[in-house]
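Common to both upcoming complexes is chain A, partnered first by chain B, then by chain C.
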Partner chain A sequence: MFRHTALRYTVLVLLASAALFQAFTAEYFGLEILTEILILAMLVLALDIVAGFGGMVSLCHGALMGVGAYTYAMLSTKVGIAPSVAMLGAIALTGAASWVIGAICSRSHGIYFIMATLAFGQMAYSYVFEAPAFGGDDGLGGISRLDLSIIGVDLNDSRSFALFCLAILGAVYGASVLILRSGLGRSLSGVMHNEQRMRALGLTVWRVKADVFGLSGMIAGLAGALAAQHILYISPGLLSWTVSGEALVVVILGGLGTLVGPLVGAAAFVMLKHELSAVTTYWHLVVGVILIAVVMSRANGIFGWCEARWGARIDRRLADATGKHQPKEVMTDA
Partner chain B sequence: MLETRNLDKSFGAVHVTRNVSLKLERGERRVILGPNGAGKTTLFNLLVGELTPNSGSVHLAGADVTALPVAKRARCGLSRSYQKNTLFDGLTVEENLGLAAAVHTGNATKLWSDSLVKPEVREIVDEVAEQVNLMPYIHAKVSEISYGVRRQLEVGVALATRPLVLLMDEPTSGVGPEMSKGFHDLLNNLPRDLTMLIIEHDMDLAFDVADTITVLNYGEVVFDGLPDAARGSKLLKEIYLGSWEDA
Partner chain C sequence: MAHDLGFWTLQALNALQLSMLLFLLSIGLTVIFGLMHFVNLAHGSLYALGAYFAASLAAVGGYWMGFFLAPVAVAGVGILLYSGLIKRMRKSGPMAQVLVTFGLIFVMLDLTRIFWGDLALAIEVPALLEGRLAFLGVEYPTYRLFIIALGLMILAALAFVLGRTQIGAMIRAGVDNDAMAACLGINVERLFFVVFCVGCALAGLAGAVAAPLLSVTPDMGLQILIPTLIVIVIGGLGSLKGAVAGSLIYGVVQTFGAVLAPQLASVLIYALLAVVLVIKPVGLFPAKG
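The block that comes next holds the complex of A and B.
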């Protein structure tokens, strides 16, 4: 069950402050990196909801982001629908596709679930890669951004677009918290802890998994629509399983099942990528070594390590300061 | 309220449930006795739908539920507790009860509200926590409470679905004599209109709680009657009770 702690609030405030500072002070290249982080953060939040809180490790979230990107691009450039409607269409279609994938894959567990989602992702990738209507391996260009001139915002300006993405990420984070704290989110948590018992209590388990997978897909679709608007060009590579794999790496690097951790992971991953790639073309090796170190340390990612080290201490100090104490652990028989 | 007709189950050549027919009236408390391997837990698994019988049928409140999956049978009013604790270990006692109550009240799949703060869910959580003496531990995580309290919670989670029939698989399994006494009171204080089927090895509890007793041996019903008759049964002494009386 998702809970905010003092440390989580603190890190959220720090991350938001850093993002705002960067958005208002950075030049073009810095703003591009910030936007990249913000869009990746949305994707990994979507993945954390299903993997971290539902035990559904998906290798098709990259493809879902691609579905969102292509739907937005097709609707806005080929069909000629207004970008705002195209964006809603991209979210809805990706959500529907995700629900179907979730409904089918929810019957499997562990490695079989991973393989089933991988298969769906690769099917989408292959189709887009081969289909002339989607531009084949050339991809699609000529994508335009949302028109917010009615409220005096020009999203073609990098700073405005970065701030827009930051606002959307804030909304996505809030929506993720609401999902996890809802009846559906609590049931998902129950399913992850003990699927057999939830079924014995009368819950239709596959339906809960499919519903949450669909909601997570909507977030991935939103990230995809923003990714298309960011680069203004999309290619089938966006649907590749390596994007899903990278998202999973980011979630694990940040801290699975914490919501805040994946945000930290997204920032760390993109910055590492840009800093290291300037030094060596083998930057993936360094990221790999860091990931192995994180996994071998048995900490739940960078943020999980921080929580284990400082989380309890901060909560205790806060409780001392406010006079609110949690009940002590109960270990005696009745 | 709950009826089985000629229920039969085999695993390959091993015949674990043989032609079992039972009939529980509303409010009846029946204890199932039998040596290890008699097919008691298999019978429970057949009743709740975790196993499919080779033949025979299960009826709940007059309706044939044999073809229904586990979740649908549970929603029809069939709830069970397990011999080994099957709880949500990372969650609190309150959240464990809340999950069950949310399913019962239809709040488990709602997106726009937190099921645990719903009045109808809270009412069940508080009531069940009182019934099974869990109030002192309500905010403790399952991993923080003792084994005996977890056994109480195991029963509590099953109760929080407000079942018509409650199946309890050795509720006192692994608990000490003091705790076991507490379970006598706990079970005796549950609402009288709740139909209960209990697998139990604790003879004191069995004869204290039971209205009727059924004895299984090699998957077959070998005795079905009142506790007093069970105490005097020669057959039972041979297959089961002998060792208990001699002890």
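The block that comes next holds the complex of A and C.
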């Protein structure tokens, strides 16, 4: 089960205050980067729920986000539904689609699960790419943002939109913690650690997997609807498998199964990308080398490494205090 | 047009040619996976590297120099990868392997851009294989017939080596149960190494062969990766039969789909993959029951 430790609270508070500081002081470009980080953070939270706490390494979350973005854009521009309803529609449809994907893939494990989700993601990608109704490879433009003028907020202003995304990210984080602490989340941890035991206890394993995958898909759909409103233009590239791969990279760089780690990863990844692409066009090379180094080091990403160090320090202090060696405390749930 | 026999022959040849190209790539990947339980997403990058080596060598010493030396060069890169990274990642879970090789894709993509630039390169078809040949009542490009023949030759050679020789028996034993094979005195580690090198060389060969057909670009490895993965997952991991069946299915569905139902063509193959995974989660002909 997911627990908050002192370190996790500290990092959360630090991240939130950094984001708030940035939102109130930054200029246009800084705000764009902040919004990009916030939206990516939602996507990687969704991915960490299934991959870090359910062992379901998905390579279709980028495509799910794209489905959310396209649903929002289609509903609000072509069908002419109010943006708020279109957002709910995007969340519902993406959730339903990912529930079905989760249900179908629930029998596959390991590399087969990865491949199966990849197949579904690519299916959505090629469908959107070919279909003229969705604008094909030209993409779709003319998307409008949510209208919050009732409460006196103009989302067309970058600062308001960044703060709006920050508020939503806070809500998504809270919802993720609630999901993981609920009975469903506990069953999911059980399934990840020992699927047969949970089945023997009478749990309908595929339902648990599908339900969590569906909830995770709803978050990805929400991220997609916000991404569409952020850039105001969408293209099939949003659904490409490399987006899902990058999301997985962010989760790993941050720390799988820690929820806080992927947030750190999202911030680090986007800033690294922008800093590097300003210096060199070969930023993929640097990201690739860092990724290989992190995975080979066997640390659980940046945040996982910090947690392990922190845990070791507490152990030492305990050992000093009691005069004997304590068994090493396991800080992560993954 | 659709009732003309020549049309069907032509499309069948196209399908076969695509299948053979994918077969060259997928056989290496699938046997590496079956034997080593290693997921090498960078296999597509090795193919791109093969095409680049072939393009550079062809500029120096003509097409055939590229054709014969590119696989050797790619196998050399494979040796470097094996001793540097893959040997250490052998015991990790599938996710770590997917991520490390995903990182490798990034690295190799940018390295090819650094060495060869962003512009597409082209290779001339050798004089011997230029033009068209009358075959089964249709005029078909000689070079594409050459690819089909080459694929069939490699297929026959591999079927012979895997099915009829001692080293083939060792490989099959290793795929089936590597711990038991090691107990019987087979040096499984060395076997892994040899198979990995041969797989890399075949990927390089596929790149060298594909280079005159397609333009040589840095992202050609990414483009071919997904079809290759589909082939091995439909066919089942680890077996020659699976790689052949998967390649043929992919080639036929893709080619005829594009002609008969252009709107559905690209979705069709993914739908087929999803159906296969639902009905037989381990593919059609997996190496292990």
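Odds and ends about this structure:
Quick note on the criterion: the second predicted complex is superposed on the first by the 310 of 334 C-alpha atoms of A that agree within 3 Å, B and C clash if a C-alpha of one lies under 4 Å from a C-alpha of the other, contacts with A are read in each partner's own complex, and residues count from 1 in each chain.
Just so we're on the same page, a contact is a pair of C-beta atoms (placed from the backbone, for glycine too) under 8 Å apart; a residue touches a chain by one contact, two chains touch by 3 or more.
No experiment lies behind these values; they were computed from the predicted model shown.
In the superposition on chain A, A:Ala299 makes contact with neither chain B nor chain C. Once the two complexes are laid over each other on the shared chain, residue contacts for A:Gly110 go to chain C alone; chain B is not touched. Contacts of A:Gln196 after superposition: chain B is touched, whereas chain C is not reached. In the superposition on chain A, contact of A:Ser126 is made with chain C only, not with chain B. With both structures placed on the common chain, the touch criterion links A:Arg207 to chain B but leaves chain C unconnected. By the touch criterion defined above, A:Ala26 reaches neither chain B nor chain C. In the superposed pair of complexes, A:Ser182 makes contact with chain B only, with no contact to chain C. Only residues 48, 50, 70-72, 74-75, 79-80, 82, 86-91, 95, 98-100, 102-104, 107-116, 118, 133, 136-137, 139-140, 144-146, 148-149, 152, 157, 161, 175-176, 178-179, 182 of chain B touch chain A when the two sit together in their complex. Of all residues in chain A, those touching chain C in their complex are 51, 57, 104-105, 107-108, 110-112, 114-116, 118-120, 122-123, 126-127, 129-131, 241-242, 245, 248-249, 252, 281-282, 284-285, 287-292, 295-296. Interface residues of chain A, counted against chain B in their complex, comprise 1, 179, 181-184, 186-187, 189-190, 193-194, 196-205, 207-208, 211, 215, 326-327, 329-334. Chain C contributes residues 33, 39, 85, 88-89, 92-96, 98-100, 102-107, 109-111, 113-114, 222, 226, 229-230, 233, 237, 263, 265-267, 270-271, 273-274, 277-278, 281-282 to its touches with chain A in the complex.
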